[in-house]
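Several structures are given next for inspection.
First subunit A sits with subunit B, and in the next complex the same chain sits with subunit C.
Moving on, here comes the complex of A and B:
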């Protein structure tokens, strides 16, 4: 069972071109019903039917958690990706019917925090837009530091500064670069929680800087981008089902398992939540572990794989499914 | 060296470790006379420059001066001493109100001091993983009478008589982190005439 087993039928109510690489999509329930409640930082899984290919990608909700009539997501076009973002950009139009999962939150605000310090890079801004709506409604102190490559690519920068004023500080690489993390993280009142969403390097830098300064791990929250990498096609044997399945270059192993009708757990579809952890029965080859879940020993043992993001190269892979 | 002698018990009964320097921007120490040696030990083994980030609060035993001098000589950024635990804890609250993320709290001494400092740290937004405790000295307990809510300091006997409501209390290992106190529950509620021997057990 997983959240994406119970899909919600929606209609695309609006598509907005935010800039040359980012589009915003808004969804309403097909019968106009209220959509499920969520909290800032939650994501949904969007099902994309592209000819015979079925893709499922996770996107953070950016709409206000207090607005249940519609959901909004933003999608950055990635031409080297698996084609999900390209499909969203090229094929999805207002009026189209789609299915989405109920929201799941793996990146929620810790409501015990005295202050929320948010650090966003690029499209990593989206969960914070929902979180800021929540924090400001709750009257919780917050501060956003938002870095983007160029002003032209900095989605929502102006509107966020208008809406949240001094709580928002923006940085552009073409105008001097991102925040001085050591300085920023050295000057936060006791009880602050830090949240970071953006490119891998940014997340690592924030986590390392905070940890070195003595921030407790429980006060450091991060969300990696949820997007399975592309790779070479490979085939897998599912031991319990007794079948062989083929995984296409732009398909994730999880999607291929689902397409075969074999039950498999999942939640985040981005290697973060641990739900899809699967035992490996035989592995003659190399597993490309792309997840943030397994520890080094588990990886080296070749006894576990996270099918939502990880891939295989070699002679034979047999899974306990 | 008088290492801690606390026996294993139920989960809520606090256990203590040995103070060791953790990464941090500022280091706050609170100790009473029995814990002073722990502060001195950590300071003497500390890397260069560490004491510039150190703030010490100390509760001496009345009339004692040698440890005040020894602690002062460590050259901390701030050093203050107070006659009572309550005063020192209030001061800790003032200091932590201005403290930044990256602060570490080190507590050494009796359980009464440690418990109240832990509660103050939590109240000020300090994560429990940023707090280290080393128990030294008496095992005397701070006990709350669960019936009339009176706090009884420095309890060494089992059971103990509540000075406020006169009930005879069994001092449990059940510990409240919020109150920084062990729970004292009437030991002869069914038959108040029952005689129970009072023995000194928390030395």
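Moving on, here comes the complex of A and C:
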């Protein structure tokens, strides 16, 4: 079972070039119905039919959770990726019909928080746009610190300052760099929760700084970018199904399993949620563990794999599917 | 189909009964002749017209009487309805889910008109006609969870999702099989299930939690749970144990057919959209042994299940005192013939 088993038919209502690397896509229900309500931090899975290839990528919803007429996502173009973002940028235009999943939230606000402290890097801004709309509607105190490489790449910076005023502080690497995390995290009211979404280094820095300052782990929330890496083609044997499947260079193992019609759980499609954890029956070779889920012992044991992001190189890989 | 709501009680004189037409639609909980725990979860799809699985929230002939019993419990003990401060959004999610579902599934009984934020709700069986602003709790007489919880059969727990766990942070619980919201409120999934025997060792709760954490919006699930209750009493809470515990001593071979009730919980699981919480309705169905055995398949199977029930479960479900005479009584309905698979009567 997974959210992407039950897709919602939508039409692309608008495509906006936000800057040289980011486009925003807006979706409406194909029959004009209301789309499901959601909570800030939720993502949808967008199904992309690119010739004979079917890709499914997860993107955070950035529209207001109170807006049921349409959804909006932003996609950063990654020319070295598997082609999903390239497909979105090059092939998707207004009027096109697509399928999306219902929203899934793996990065929700902790509604007990006395204050929400949000730290975004680059395209990691998108879930916070929805969360700020939610916090502001609920009257919950929040503060966003948003860092980008250059002012030209800082998507939505101006409009966020217009919408949320002093709650938003912006930083650009070409104009003084990001926030002083130690200073920021050492002076927050009791009951504050911190949320970070951005590049790996930023997430690690926030988690480490907060932990060193004595923040409880339950008050530190993070979301990694969700995108499976490309790699070399490989083949896999699915033991229960009794079939061999081929995984293409720009296809994830999860997508190849799905294409074979074999049931597999999944949610985030980005190695973070743990749902697709699969037992390895035989591994004669090396697994490239690209996930954030398995611990070091599990990786070393070669007994587990996260098919949504991880790949294989070697003689034979047999999975318990 | 118009439902004739019964005027009946779940306490004192216990006039509760199932009308003959209602008996075959009982959610008999045993698909096989033997019972053991399993994570017996399936999609909560519309299944089998006329069954309790046909609609999102089943409404039957006991609706009005159950809501009256709930009001009596809450008047005695307001602690049966509690919501921690962060659960208000989830309460509104619950309001929306019930109103939209019931108005769709029972248009002759419930009507919902939505005009932007302005909602108009008509509940004909309970004679409610209210207009309110969705999301504005000040417009309701009580917490949104309590408001709608007084209009839907079954207990309702709302589980907040955070830190890779579920937290029992709100609920309206007046018809429970011996567990206490007041004791459990704020606990996580493993804490509130701690008293259950055997299942922890079987890894049932680890699997169930993983399943629930990934529960998608718009794809609810369900399972059945069961126990036995002496007399058709909905409120078998620990708080009121002195009122119902002694009932167990009143069971005799002569009155077993009318006294002992099969108590089935239709549990469903719903991802709530705005709060990302999980709504957990626990809908209780009661049926006297005399009513159960009117269906020959159920009589045969219930005998076999009770006879072979593991001692730990006999103890945990509180059946020890009358289990032997119940098995003996049920044996008269078991001729040894094979039973057909599945829960529905032949």
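Going forward, the second predicted complex is superposed on the first by the 321 of 321 C-alpha atoms of A that agree within 3 Å, B and C clash if a C-alpha of one lies under 4 Å from a C-alpha of the other, contacts with A are read in each partner's own complex, and residues count from 1 in each chain.
Operating definition for what follows: contacts are C-beta pairs under 8 Å (C-beta built on N, C-alpha and C of every residue); 3 or more make two chains touch, one makes a residue touch a chain.
Just so we're clear, the structure is a prediction, and the values are computed from it rather than from any experiment.
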Now for A:84: first (subunit B), second (subunit C), both, or neither, which partner does it touch? neither
What is the contact status of A:228 with respect to subunit B (first) and subunit C (second): first, second, both, or neither? neither
Using the superposition described at the top, determine whether subunit B or subunit C touches more residues of subunit A. C
Where does A:216 make contact in the superposed view: on subunit B (first), on subunit C (second), on both, or on neither? first
I'd like to know which partner A:127 touches here: subunit B for first, subunit C for second, both or neither. neither
Partner chain(s) touched by A:198 [first = subunit B, second = subunit C, both, neither]: neither
Does the superposition put A:36 against subunit B (first), subunit C (second), both, or neither? second
Overlap of subunit B and subunit C contacts on subunit A, residues 218
Tell me, which parts of subunit B touch subunit A in their complex? 22-25, 96, 99-104, 124-127, 129-130
Which residues of subunit A touch subunit C once you look at their complex with the stated criterion? 1-3, 5-6, 36-39, 42, 65, 101-105, 108, 110-112, 138, 218, 265, 267, 273-275
Where on subunit C is subunit A touching in the complex? 84-87, 89, 93, 96, 160-163, 210, 214, 216-219, 273-276
Write out the stretch or stretches of subunit A touching subunit B in their complex. 114, 185-192, 210-219
